Amino acid sequence: MKPRHLKKLTKKTGMPPGAVCYIGEQRDFIPNLNLIEYSPDFFEQKPIKRISEVDVAGRNHVHWLNVEGIHDTQLIEQIGEHFQLHPLILEDIVNTSQRPKLEEYDNCVFITLKSLVFNEKEKRVTPEQISIVLFNNLVITFQEQIGDTLSEVLERIKLSKFKIRGKGTDYLVYALIDLIVDKYYFSIEALGSQLELLEDEVFNNPSPVSLQKIQSVKHELLEVRRSVYPLREVINRFQKDDLDFINENNLKYFNDVYDHTIKIIDTIETYRELNAGLKDIYLSSISLKMNQIMQVLTIVGAIFIPITFLAGVYGMNFDYMPELHWKYSYPVFWLIILLIIGALITFFRRKKWL
Amino acid sequence: MKPRHLKKLTKKTGMPPGAVCYIGEQRDFIPNLNLIEYSPDFFEQKPIKRISEVDVAGRNHVHWLNVEGIHDTQLIEQIGEHFQLHPLILEDIVNTSQRPKLEEYDNCVFITLKSLVFNEKEKRVTPEQISIVLFNNLVITFQEQIGDTLSEVLERIKLSKFKIRGKGTDYLVYALIDLIVDKYYFSIEALGSQLELLEDEVFNNPSPVSLQKIQSVKHELLEVRRSVYPLREVINRFQKDDLDFINENNLKYFNDVYDHTIKIIDTIETYRELNAGLKDIYLSSISLKMNQIMQVLTIVGAIFIPITFLAGVYGMNFDYMPELHWKYSYPVFWLIILLIIGALITFFRRKKWL
Amino acid sequence: MKPRHLKKLTKKTGMPPGAVCYIGEQRDFIPNLNLIEYSPDFFEQKPIKRISEVDVAGRNHVHWLNVEGIHDTQLIEQIGEHFQLHPLILEDIVNTSQRPKLEEYDNCVFITLKSLVFNEKEKRVTPEQISIVLFNNLVITFQEQIGDTLSEVLERIKLSKFKIRGKGTDYLVYALIDLIVDKYYFSIEALGSQLELLEDEVFNNPSPVSLQKIQSVKHELLEVRRSVYPLREVINRFQKDDLDFINENNLKYFNDVYDHTIKIIDTIETYRELNAGLKDIYLSSISLKMNQIMQVLTIVGAIFIPITFLAGVYGMNFDYMPELHWKYSYPVFWLIILLIIGALITFFRRKKWL
Amino acid sequence: MKPRHLKKLTKKTGMPPGAVCYIGEQRDFIPNLNLIEYSPDFFEQKPIKRISEVDVAGRNHVHWLNVEGIHDTQLIEQIGEHFQLHPLILEDIVNTSQRPKLEEYDNCVFITLKSLVFNEKEKRVTPEQISIVLFNNLVITFQEQIGDTLSEVLERIKLSKFKIRGKGTDYLVYALIDLIVDKYYFSIEALGSQLELLEDEVFNNPSPVSLQKIQSVKHELLEVRRSVYPLREVINRFQKDDLDFINENNLKYFNDVYDHTIKIIDTIETYRELNAGLKDIYLSSISLKMNQIMQVLTIVGAIFIPITFLAGVYGMNFDYMPELHWKYSYPVFWLIILLIIGALITFFRRKKWL
Amino acid sequence: MKPRHLKKLTKKTGMPPGAVCYIGEQRDFIPNLNLIEYSPDFFEQKPIKRISEVDVAGRNHVHWLNVEGIHDTQLIEQIGEHFQLHPLILEDIVNTSQRPKLEEYDNCVFITLKSLVFNEKEKRVTPEQISIVLFNNLVITFQEQIGDTLSEVLERIKLSKFKIRGKGTDYLVYALIDLIVDKYYFSIEALGSQLELLEDEVFNNPSPVSLQKIQSVKHELLEVRRSVYPLREVINRFQKDDLDFINENNLKYFNDVYDHTIKIIDTIETYRELNAGLKDIYLSSISLKMNQIMQVLTIVGAIFIPITFLAGVYGMNFDYMPELHWKYSYPVFWLIILLIIGALITFFRRKKWL
């Protein structure tokens, strides 16, 4: 259940729009800023101490400012001021419960999306918010944590052999989104494996815990879905809109990421159906188990209750009970008992209850 | 269930359209009128006694007439006359079961929406209808009750430091809607917490009351949904339409509120799914409990019914029952009983019923 | 179930289109025709004996010909001839199982819709078909029965104080539709009350009859829905289309009725969900009841079956049973019985089954 | 289940498109060809032996070639050649598992649809494929069987009094489609009656056969739906498209058939909902029956198990059991038994289990 | 469950776009290349050893390069280079978990789709990815395996009598897609037969295995659906778009395949509904069986428990029990027993439990 991101939002209610108010887990580290600058035959990466030192004008290179840590709202405001970002952008960057979206501004395009990490121990998907601001010769990325979420792209830039060095900021944005979307497969695969295990468990050894697991997988699938559905719309806007900062030759690439999100959505919907199916199977397994228990009780009861009555009859103390005095009464009694048992067992066999 | 707003509506059936007929709870207080006037360097707030004293022409300031209390239909009609409001607007203002909507008129834009308050005691969401009329230099707001629903915006206007002082009536409307939408989070958060508690309850200690709670959360989610879905359309019209009274530079802000409503709708739908899931879990918990009860009965029955038969046999009064006279019959009897019990327990253990 | 209107339809199969064939309940009365004529300063109402006397040309007044009773197909054909109505219009007027719709013809606009009456005794909604033909200076309405379905509008016309006297035929049509839609609230309210009662019943005293009531409410909600959904489309066409006979200034009013139908649809959908929820609650109440019954049986069984065995043991007739001859055996027996009972009750208490 | 039409289709897989391969039940009769020719003052109907004799040019009459029997693929190919039909048309005519559709060709419009017949004995709907080719002065219809499916239209043409004689081929096509759609009501009505009977059965006397009937009604409703949904699109294209062969004055008529299909679809959806509801009621009836059975067992068990224990106690053979020797023990025993029974019955009464 | 294609995808995460990385089952064989060249009066088929020998310029023939085996990524890259395919095309060809799609490039149209084979033994559908690149005078097809998936088209080309020899590359692509779609019927038919068998099984002899089969059919239907839904969109683009390489005269043919996909989708949805219905029937069969078992237990219990009590009463050892000493007590006892049994059986008969 845990309406995780909702609780935080109410903190912010009533604040003026554009207020830069960090909403997320408490974090202590000092944010990490890196400026990467490259062109087909140039590459430089340097840590940034003061935002005012950053100067992206002049040379015709691609610049990528990677900000790791968004809990220092003052820093975010300085960055906003330095690059003339609209207040609503700053508000969205630090609001970690933002829905993925794309906004076009006069001087830039703002994209915010979720990177998903599957936590193996807790069996739950934890989202990290990644915001991207796309200028003509600069891309700024904001991550919640210091980490290697985007490092594969950096590696590719470092090695000059890949196409990315010869392309502009739009291609860099594409590469980043493509990487994040690719990583969704890990979460989905993990949920898929859980479903597989659950299916085994439910068919072979269902317990109330299975049901909790099914509900938990449902939660996580809803979580992923909540990240991917709006992302699809975001990427679709790259395809459809005449965004100023996107080179028409690169549209094919966004097209490709779009296909990936569709595929992920397909898989999520399939998993949701299968998960719902598991619930039904679980419920029917329980019914089935009850059925078997009932059968045992019925068979034992139906056999012994009548013969117990018979034994009771010959335990009666009437003065005149001729059977009591016959010589072979006792063996005949046992014979009758065995006949009754045999008849009942045959009856149950025919009914397929035994 | 309580078709709250429906009952009232039938009162009004057959009345001519445009009839100003208050439909809502009986209220006694005298409505409260306040006129706020401001510009970047001016602020004045004064209570209004007679509507005829209000004059918004002349100075180039923003005016906000806040009407608290709509049960005095005469007053509403006077306001309508003074500002030349269309009869249908007046009808909608006092009809508190109105669906959120936006209507464009020649001289103004009319918006009606719901402010939601979550009543902690009754665990239910109670809506208050807020109507907003937007003119070029005047905004009129109508609330059902005297209260602080909109006070945060007033505070921001008072303090000159916020952007709102430098903007027009369209921004004021935005600020009001934004505030109301922000407050939805409280209701949703409250419902989310209830869901969390319910999930615990249903997994650990399900009772028929849980089911009533689940049905009640369903009611409340439907109630919120009924307010938010049409609201989304209302805000969408701000974005899409060429409304005369909206400055194009402020569209971004309405865009932002729109995102919030989408997010709220997302959450409501998620909660509805989880709530439906809880119902299934509840039903399965009941099945499970029954299962356990059946198991006890079965085990007790299956063990004792056969041995009771045996005891019955040796309580019979046949004259010739050789076992009765053997010396060790009684201890052997107990031995057999223990063997039977042991065998049955082993059988149940293997079946995992014990 | 009752596929009421379907049975009738098959009567008509194979007939040429435009055939005026009455499909509805057998009725005996003689249809009632009234011509109302009005302008801001004129009002006249007169019964019509022969349709040929009606002359609406000449004076610039609004005419309203109200026909009560459509089972006399000859009369309908005469009316059709006199006003040059298209054969398909006549066919639709007398076909009482018509779906609400709007058709534009060269000389008129034809609207057919359902007025709903909730029959308190049978707890079911019965629809009456109302057809409206809108000309430039004439409105013809056709009702199935003589009655006061449309009388509120007539009252408003009689009293000169209302706006309707100053408006044209389009406003009259609006007023009629508005009245009919307003009356829907009565049916919906009645179904809402039934739902409320059912909810109480299902929670407190569920019986198989409850389920039949739930199914019956489902029927009625489907019935209302079948009338309202197409009606929404009809009214929407007033808003959207450039219908020749509608004055643009009156569009606002149709807009308003449109909002009402949306609201009704919202409520119906809500009720359908709640009704479906009730079914689940009913089913779970039954499970619960069974649970409680099982518990009693289990507790009684689990307590008495073991001790009955013990009593059986000491009823055995073995020659050598030392306990039988001990002096305190009997009180000790009772002590053991009480201990067993105590232990089992404690066990059930802890399991929360008692 | 019976995937009737699918099995046949695989026969045809891998064949070149346009191959005229009959897919349907084996039939032996010789196809029946009739040419009807008419104008307002002319009517002629003659059987056709050789397709080459047919000549529709020359006189300005409407021609209708009615082909009964499509299993003779050679004949179909001859017809195709004579009238220059596109190969895909021929393929579709003989492929009886075709989905209803409309195709526009250079020289004609091709329509294929299903006529439904409800087989009372098997309680199932059997579709017959009707294909219609519309030329400027000729309509060709293809039916699977010799029969009177379209005879009502022929009757109307014969009698000169109906409008059809004065209209063109487009009106003839309309009349045919209208007839076929009208006949759908019979199937739907039959399914409706079945639903009614089922409802009674399920409420009063549910058995496993009821469930099979419910599933069977579901099959048939799906079957009808599969015919009607695409038909709606077909007729919609008459309304919307600028089909060359349709006179604008006759659009109204297609409009009317369109309304009928909508009505049929409405009814099907309603029936599907009610049928689904019946399944739930059936399941709950079963639960209920089980409930009642349990109650009997519980009441008998709960009453007799304790008193049997008491009887067992006084059947014990302890030497020292004072009660055994009191004079009034036996009547007191019965008194206690009656008290216990009375108390338990009161308890069950209060619980409403009796 | 088996998220078959997902596992493979994660291998590829983080790779630059356009990387040709084979994702699929390990395969060992050497890919097979064949070049077919034809015109109305020319046909040649030759195996290709080196891709550089292929020259499609010059003569005005249709060329078809069929590549069987895509696991040799080097070969794929050579082909890509030789025909100047976009890197994204190559990436998609070897990524066997691709969703069916159509991409338009400057020099060609790229189509990828799934051919489905139903594996009778495992009762599951296995997809093979077929990629098609359409140039002006050349079609390249890529299959995962050496096989006869496309051989029927080749046969038709070989025999000069079919239309295909006289048509261009667009018709060849149509013929290939048509063949693949036709083969879908086999899979669907197989699933249909399974459903038929399952229905029998579930009605007559339900077991937990039935439920597993139902879940398995659900899997396979989802699998087919995942292939067909996007395929429909692909074929739709042929109809709608102005694809450069498609002759307008051949649009009719794509239209026809489109109808087939719609029909397949219809059938899948029908099967999904029926399959879901089977689950309900299975669950109700289980309830029913339990019902019958309960009945036996109840009847046996309800009959014997009371009479056992009676037997117990007369086994008591009270000194003063007058009945014990009456002469006819014992036969009277049996008479009473028989009366009780008779009464109970009559009661159960009337309740229809027997």
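Just so it is clear, A, B, C, D and E label the chains in written order, and each chain counts residues from 1 on its own.
We adopt the following convention: contacts are C-beta pairs under 8 Å (C-beta built on N, C-alpha and C of every residue); 3 or more make two chains touch, one makes a residue touch a chain.
Here the structure is a predicted model, which is why all the values come from computation and not from measurement.
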- Between chain C and chain D, two touching copies, which fits better, same or different residues at the interface, with half of the numbers shared as the threshold? different
- Whole-Å gap separating chain B and chain D, where each centre is the average of the chain's CA atoms: 42
- Query: In angstrom, rounded to a whole number, how far apart do the mean CA points of chain A and chain B lie?
  - Reply: 26
- Query: Out of chain D, which residues touch more than one other chain, so two or more?
  - Reply: 283, 287, 290, 294, 297, 301, 305, 308, 312, 315-317, 321
- Touch-based graph of the chains, sorted into line, ring, star, complete or other: ring
- Ring topology as an ordered chain list, initiated at chain C and continued via chain D: C, D, E, A, B
- Item | Residues of chain C that touch chain B when the two form their complex | 152, 156, 162-164, 174-175, 178-179, 182-183, 185-186, 188-189, 192-193, 195-196, 199, 203, 252-253, 255-256, 259, 262-263, 266-267, 270, 273-274, 277, 280-281, 283-285, 287-288, 290-291, 294-295, 297-298, 301-302, 305-306, 308-309, 312-313, 315-321, 351, 353
- Message: Taking the touch rule as given, give the residues of chain D at its contact with chain E in the complex, in rising order.
- Response: 1-3, 6-7, 9-10, 12-14, 16-18, 86, 88, 97, 99, 101, 103, 208, 211-212, 215, 218-219, 222, 226, 279, 282-283, 286-287, 289-290, 292-294, 296-297, 300-301, 304-305, 307-308, 311-312, 314-317, 321, 323-325, 327-330, 333
